[in-house]
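Quick one: the structure is below, questions incoming.
Per-chain residue numbering starts at 1, and chain names A, B and C are given in the order in which the chains are listed.
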Amino acid sequence: MIKSRIHRRLFLNTAFRLLIFGLSAAALLPLFLILADVFYKGIGVINWNFLVSLPRATGEKGGGISSAIVGTLMLVGLAIGLAVPLGMAAGIYLAEVRRSRLAYFTRLAVDVLQGMPSVVIGIVAYAWLVRPMGKFTALSGGVALALMMLPLVVRGTEEVLKLVPATLKEASAALGVPHYRTVLRVIIPCGLPGIISAVLLGVSRVAGETAPLLFTAFGNRFLELSPLKQVGALPLTIFTYAMSPYEDLQAQAWGAAVVLIVIVLATNIISRIVITRWKIQF
Amino acid sequence: MENPILRTESLNAYYGGQIALKAVTMAIPERKLTAIMGPSGCGKSTLIRCLNRMHELIPGARVENKVFLKDRDLYAMEPTEVRRMIGMVFQRPNPFPTMSIYENVIAGYRLNSIRIKRGDQDVIVEESLRKAALWDEVKDHLHKKGTFLSGGQQQRLCIARALALHPEIILLDEPTSALDPKATAFIETLMEELKQSVSICLVTHNIAQASRVSDWTAFMYLGELVEYNTTEKIFTVPQDKRTEEYLVGKFG
Amino acid sequence: MLEAKIIYLRERIMEMAALVEKMISDSVQGLASGNEATLRGVYENETRANQLEIEIDELCTRLIALHEPRAKDLRLILMIMKMNSDLERIGDHAVNIAQSAAYLIVRPPVKPLVDIPRLAEEAVAMLRDSIASFIREDEGLAGSVLARDDRIDALRDQVFRELITYMLSDAATIERSLQLMRVTQNLERAADLSTNICEDVIYLVNGKVVKHGRFEPEGGL
């Protein structure tokens, strides 16, 4: 009698354990399958040449994706340059003020922005920048990506700053430090690992966005360093090469996909390392 | 009392519409330790925070009437200037976690962008750490972050940080509540030493601590200053019935 | 902090003890040598002794009120308060002896003083030893002083019997005899107070209460 109750419990225990493990594995499976597939198909194309040379003329064999890599780095750089100051400022405001009409509407706006489809952001950037300027530019692409990154930076900054204990603000105030300096020189340094981590997460998110770039950066086979001209980007390259009829280019698309995934994974992992290793103990 | 270092005149303090201090008039003697005791909610923390204008940082908080540091009207000055003249140490030790021990001590200068030569900075740091009885324990670790310090050591670091600005008086808001008995005893001995060079005002909920270390004691209840006298008189012949009841443990 | 204050308190009570010891010695010495100046010294010392008594009392009150002493510290402070009071009364007895001595030294002696000096010596020795037992926290010494109290009582009875004989035989000696009896009685009281001090030392050292005859010297504890 008692024996069977114990057995029943142990059995249920093990059964649930297996169920949970199984389901978790099942959730992770697609990720691993994707990574495996992409690497398998793309790794063959990757060599030093591939990474540093420009695309060849259509039809010619060989060539690389250096312009796309540089373009992605430029666009991400522009996005960071635009989203981080604005996002941090908004995040600081929200963390400080908590309750006010402006805070309420800011939070609302950030939430809406977060949910906005990337293609919509793309056409908005087109309307704001491409049309008036009359051409496709890296700048407009950067703006589009910045808009996508903004909610992450705002939220990340706000959350991290809220975690800074009030006692530190008190300690600074008691030394006669005006509040803005307390924010700049005490609170933000305490929140720095969290903010950097949020920015990196933002980067890993926008590095792979394609839709907004379709009508802003537009793409460029050649290496272009001016933000006022159109530039290539890895997602765009993947898009165009994959749809092309040339096998050679299709293989290069897989290669570009590998590079893009490596960038995204790397920033993600670094973001985690920052959060776990760089610990500020309160 | 002749030449008090700090005095209040009919001080009222509010949290929004609620009054927390009622017409408190008190004079704190120079280079002595004055303790403020009373049950929870009596207003002792509020009072001490009105002295260095920290109370008004709370949204909705308000202060009426005056506080004088010697002959200077503190509420007619810039609050940040007031807080640089009066040091404060809090209940939970709160050294800045991103700064080293050295940087923590000198933080009052650096955060306020007060320029001093590196050599002078070294002098101030050593002097403050010595006064806080922490120098010997940290002198070889000045440039490490303070997180490895024990609670008692961290609190002494906070005391050094407050002393670095050479205030004439420091306010201690229940500084040993969060510490173990040994660290508490250490800091009590430290306070006895310190009061010879800087006036001290101590808020404590621990009656025995007030009796052990202070020269003057104030008893507060429900926002009023009920009784204020030398510690010996308060503890042997209190004049007010409420003081007597608090001391014998009827409430609080 | 408390330690330093207790050390200061001990110094004060030692000062009191030394003062009172001198007062008793001087008062008897003045009687034996007929030296009026010595006797005057006793009165002067009394002023200082009274001052000290008040000071020590206030100090003990402060320590108890402000420092919540426990265990040995508490027993010590309580003991010092009692010792303070006992010493002050010994001082009063010294003054009484000096007053009687002042009367006696200007008049012819009733008889050669033999027993009274012996009694005095014994009483002063008991006082000295009781104070020593306090300083050294010496239970054994305190116990031995308690035992000597009986000898003092016996000596006093002897002196009384002798003086009564004198008074019965010659009425002119009555005044002087009565004064001598007063001296004897005061010496006996002083010795008795010394035993109080010893009882307190025993309480201080091991927390045992030996008052009112509950004590057995040597092996009884």
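Methods note: a contact is a pair of C-beta atoms (placed from the backbone, for glycine too) under 8 Å apart; a residue touches a chain by one contact, two chains touch by 3 or more.
Please read these numbers as outputs of a predicted model, since none were measured by experiment.
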Joint neighbours of chain C and chain A, given as chain labels: B
Centrality ranking, top chain (CA atoms only): B
Identity of the chain that, by mean CA position, is farthest from chain A: C
Gap in Å, rounded to a whole number, between the CA centres of chain C and chain A: 94
Cα-centroid distance, chain B relative to chain C, in whole angstrom: 50
Centroid distance [mean C-alpha coordinates] between chain B and chain A, Å: 48
Of all residues in chain B, the ones touching two or more other chains: none
Residues within chain C bordering two or more other chains: none
Residue ranges of chain C in contact with chain B within the complex: 1-2, 61-62, 65-68
Interfacial residue positions of chain B with respect to chain C in the complex: 188-189, 192, 208, 211-213, 231-232, 235-236
Touching residues on chain A, where the partner in the complex is chain B: 165, 167-168, 170-178, 181-182, 185-186, 189-190, 192, 280-282
Parts of chain B lying in touch with chain A, wherever the complex brings them together: 52, 54, 57, 80-85, 87-88, 90, 92, 94-98, 107-108, 111-113, 147, 158, 161-162, 165
